[in-house]
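Questions regarding the structure given below will be posed in turn.
Each chain gets a letter, A, B, C, D, E and F, in the order it is written, and its residues are counted from 1.
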């Protein structure tokens, strides 16, 4: 199996996961492939619900410059970490859910800048990605308290802000992220706790402007419960939408902006995304 | 080890669990014990947070009639199942959380009466009691759909009612039940979905009238995550309060009544509880 | 056709309508009937959803004293009018919906006592009972402004209170009244406008304590639209539930009390209702 | 009476109604008129509250190209139908209110694409435009259920989305549409049901940026109730505002976008509108 | 001036203030007066809006036993302090507003029992009674943080509970207390912070059951601003209502109970209040 | 002390206050200073939390044209007054808080245009700036009613709109204004009362796009209470944030626009602000 096929297979099997990891692997695979058109086609269809993957392929097909793209992504990450860390007050509590390398980098940056804060998080069934976040933060000396997902009210009660990542930013200002994100952002909003979403605008999904919605991935029911019983069904949609009016701001490489401004900035700065 | 000590040990080690099972085991142990005072004392302290246990011991100490008490509990259960089943409309969806033998008996009764309905439930981490409920309902041919706890919005979205049990009923109309119950009842209330709590009034906790609150049990953190890391802490409180104004009605042996009426009925009918 | 059959027929055909009018006609018919048991049975089944009718028959069957019952109803009406009129501030605006002779009597009483106020009301499709209310109030010199039902936000905006009647009071503190009542009470509650329900406790429905719900009457679809088209369906449920926590107080013959207190007062004062 | 005067008269008498029909009739009348300035003036004042009419006249006065304008409107309609139909999930329920040819075209497009869905609607007193919508949808084989306006909670309860049109889009993201639209969108928002407004950006009202609000048209009171009584007044404002934060997205020819983005897109694409 | 006249004058001039102080002074004056009927009449009208004053006079007129009454009040105070102190968790923050000797005694009791907690309070313009509370608590070594009234969101943000007193308890479960209490309880309720009202049931106002509302006292405008300008008006109502559904529980001598249970307990225990 | 030092001292000591007055004084001081760089530096640091001051210095450093800047500010003020006055309906009630010369100019403009309206305002402790507003409006013959801050529910109850100024506009659509503004805007939003913020876009704070938040000024505690007691602390933060979704629209020199559009307009029209 050549490199391209291996990367496509790894993306399909979830061996490579996380919107940004998937995009980076695809960029590398594309750059090493002799047949760019074929590579673009295969990679785009490796994971249907990741706009950052598709935007990356679109950029490469247009500009043929993987180095520029990787640099753009790296710089975006650094800016988001910097801007986001400014939003974490000293002596505060951050609530987060699931695992987002972008959200983690914001918290690590804040730690590096000498801020004191602790993190409440929820374990994120069925795959327990909250544990990956807990270990990543603990490695940097950040104190975390893990909660089962249904204890989210307690995890939020003392929080000064909610900070999560996202897989998709839509044209009407909402985001799509791991199951639970919509519910917990709704509660945070009701409790007057600001909700920030740290995400590069590369996750903007241009087809949402045409009313198209990414199909929410429904994963294998065994992840939830390995049971066989004709009366027992399993719901395992792994993402859900976070309403625009529950999001205080997006932390992007273009600044800390309201959801509605993302598309506008993109049209000015990444016109290729709309071609 | 004599029978009394064995029951006390089994209650302490959670081998016997569920408010009603604990109470029934205690009644039996008490009735078999030669030294009633000692039995009462030992049993009361076997599980500090179960008012049904303490109310049972109080009744026995006062009336010395375990058969009457067991009959009273059995009749209460039957009435609750009957009244509650009337609240499940035909062709409806019920949402439930955790495992309550009382709530299950309501749904089984409705099924027996020929009602068609399905049940959405949440798995109830860390101990997955939702699975016990799922299997109990499936056994009676009721179709259930299991959700991870963070997917509660989806489990509730199409529900016509929320039906859960409770361990404690307070003097000011709230209830205490497994973690998540307060959060999901709040959401149900916001979505205009009625929230019913099926519970015998034997679960009324008279000391709440004196402002005393049962300490919420914090169980072993390993139930949540078996990890050792000085930066990682675990929150494992297993119960939470459901606010009175998120509860549409209590389904009790005295009828389907507003929380505030429970204490009033008890004063009239179970005066011994307040002695 | 004898008098009993005529009254039963008139109740069935809606020639006699309004919970209190129906009850009074039934009391008269019962008192004139030689065969009390047969009369009771026929009258009870003339309109299945009116607890005041059934409570009246129950009272008659128990006490055989129609004069006492009519006196009780009359006195209840007078007390409700008196207590309710105290709740209408001078120089205020009352919002009402549909037609309730009890609610009208409250407003007429307030007018008689010299209070200045105006009334905003909604027409109450499909049968336009709001017009009956408008004419009744205008006859007493009270200024009213009629709104289409969908303009309820405007009718409520300047209102100091919402005042309606009810057909049913439940054991868990809610009420059932004409379609729209639940929606408009919800909005009033959100806008911090108190919601009063003027209704004799004779409208308490004891079977709600057993979880039984009156079936909401679905009337002839032609009342809404006289159309025949296989793709066009008509929803014509004419009542809806008003949630307990959207009701500030019930104005009853026992006082201005919280919904939860109604059953308690009834058990003390009308024990026959629970026999 | 010449053609121009006839069209002006028909617009004034409501013989021609609906924002888009009015605009199209005006474009035709203008194109046929020898005196363009006079035609513009007469047409603009034929209906004071329709920005699409005024924007059309402004375009014609600037570019003198009715064919281009009609083509632009036709293409906008087609795009809105296409984008909007993507937002209707298969096996879903749509709630709509009043009659909007744009909203109808979205639903018809979804039907044509093979989607299965049904429509709940409210009759829209006083003029029953909901019936026009019902007949239009039924003609295309779409099943609809008609409700009186006050039964909106029931029409919304099972809906997956709310889809309506609008007469006006303001500079601060709200919309103006038939009475009831603001109330029902508020309820939908509370029940977590997305609210979409299908409307060409030609309905944007530039003067709202100067704080000017279209006067809400108050029509003849006889439409509501043909009564003469000095104590009875009639409120017959036929439009109301829908708050920006109750609107999930506008479905426009520029995409499915947040209200706030509409003005921005217009400044870029229709600069003539702000001249 | 004899003692009775002096007490009446002092009550009228606010030299004696606070519901309980007023009641105690009146009991003493009544007991010393030779003409009980005259004393009752004069004292009742000394301050029209204090039910505890009126209930005390009613009790004296019925039982002629001031010592029993004073003992009853003292015991009620002690019970409320005891029950209420149980509701203050260790290491918590209490939010309070205005000055209530009952609420202060609850906090002092909790301090005496060794609880660690701090108190956020609002100054309570125009008369700055918050300062009296601050000094009373500081004297007992309790740390307090004073806020201007408009900073209530900040005073509430970290609070674990809100604890205030009341002048009036109504028959439908609301309370009347110093201006601001209704607003801040509403906010606390929205932020999921329990709201407790510490008040003897002697403050129950029986006439509220007849729909009568105490007129809210409007004090001298100079308390707010000593200005003379024909265009400047001053609003100085000093009390406002706290809605029943914003009150978690009343802390009374009969226990920590839901508002709706207060009247029921009173009917059972203080029947003289309803004579 | 030279003029520059005097202005800097007056700004620091609050002798010069109000965002616009500070900016104008700084512009004058800068224009009179021989050493522009030094003046810029000193003035910028005279008040750390005023973006209008810093934006003005930035403009002067870039364009060296104080007259153009003052003209720009004057024209902005006039446009805001004009646009804003259009938003005040005839025969209405406006609620305002604190003192904003911009908000006052909107109301004065509306009065000059012959509109009839009255103003409810809150006194704005600790510095009673509400009184400055009251006197300024009274001088123009506008009737005002002053309330203590905790009576805000009463001041808002009959209001048709809330109109305040702001010191800061953020990149994510919120504003920062005097303490109480966030709380009262939240309540207005809940009561369906539109909230307008009148402010020149010169108050936009570009660093908020980098996640930086102005430190909220904590003034001398003696402004609140001149007390010395080791147990008594004073909270005197004088500003608070108003959430974007509680703001109906900003009234700016670019029009009445949604918060999210402000940054977009600024990027187009004031590019120097982002250099």
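We adopt the following convention: a residue touches a chain if its C-beta (ideal position, glycine included) is under 8 Å from a C-beta of that chain, and two chains touch if they have at least 3 such contacts.
None of the values given here were measured: they were computed from a predicted structure.
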Any chain that touches chain E and chain D: A, B, C, F
Recurring contact interface, reference B-C, options A-E, B-E or E-F [over half identical by residue number]: B-E
Same or different contact residues where chain D meets its copy chain A, judged by the half mark: different
Length of the line joining the C-alpha centres of chain B and chain D, rounded to whole Å: 52
Centre-to-centre distance between chain F and chain B (centres being mean Cα positions), rounded to whole Å: 54
Gap in Å, rounded to a whole number, between the CA centres of chain D and chain C: 38
Euclidean distance of C-alpha centroids - chain C vs chain E, Å: 37
Residue numbers of chain F (touch at least two other chains): 153, 192, 245, 258, 260, 264
Pairwise chain contacts under the document criterion: A-B, A-D, A-E, A-F, B-C, B-D, B-E, C-D, C-E, C-F, D-F, E-F
Of chain B, residues touching chain D in the complex: 153, 157, 190-192
Residues on chain D engaged by chain C in the complex (per definition of touch): 97, 120, 122-126, 131, 134-135, 137-138, 141-155, 179-180, 182-184, 186-187, 224-225, 227, 229, 231-237, 240
Interfacial residue positions of chain D with respect to chain A in the complex: 82-87, 192, 245, 248-249, 251, 254-258, 260-261, 264
Touching residues (chain side chain B, partner chain E) in the complex: 171-174, 208-213, 243-245, 258-260, 263-264
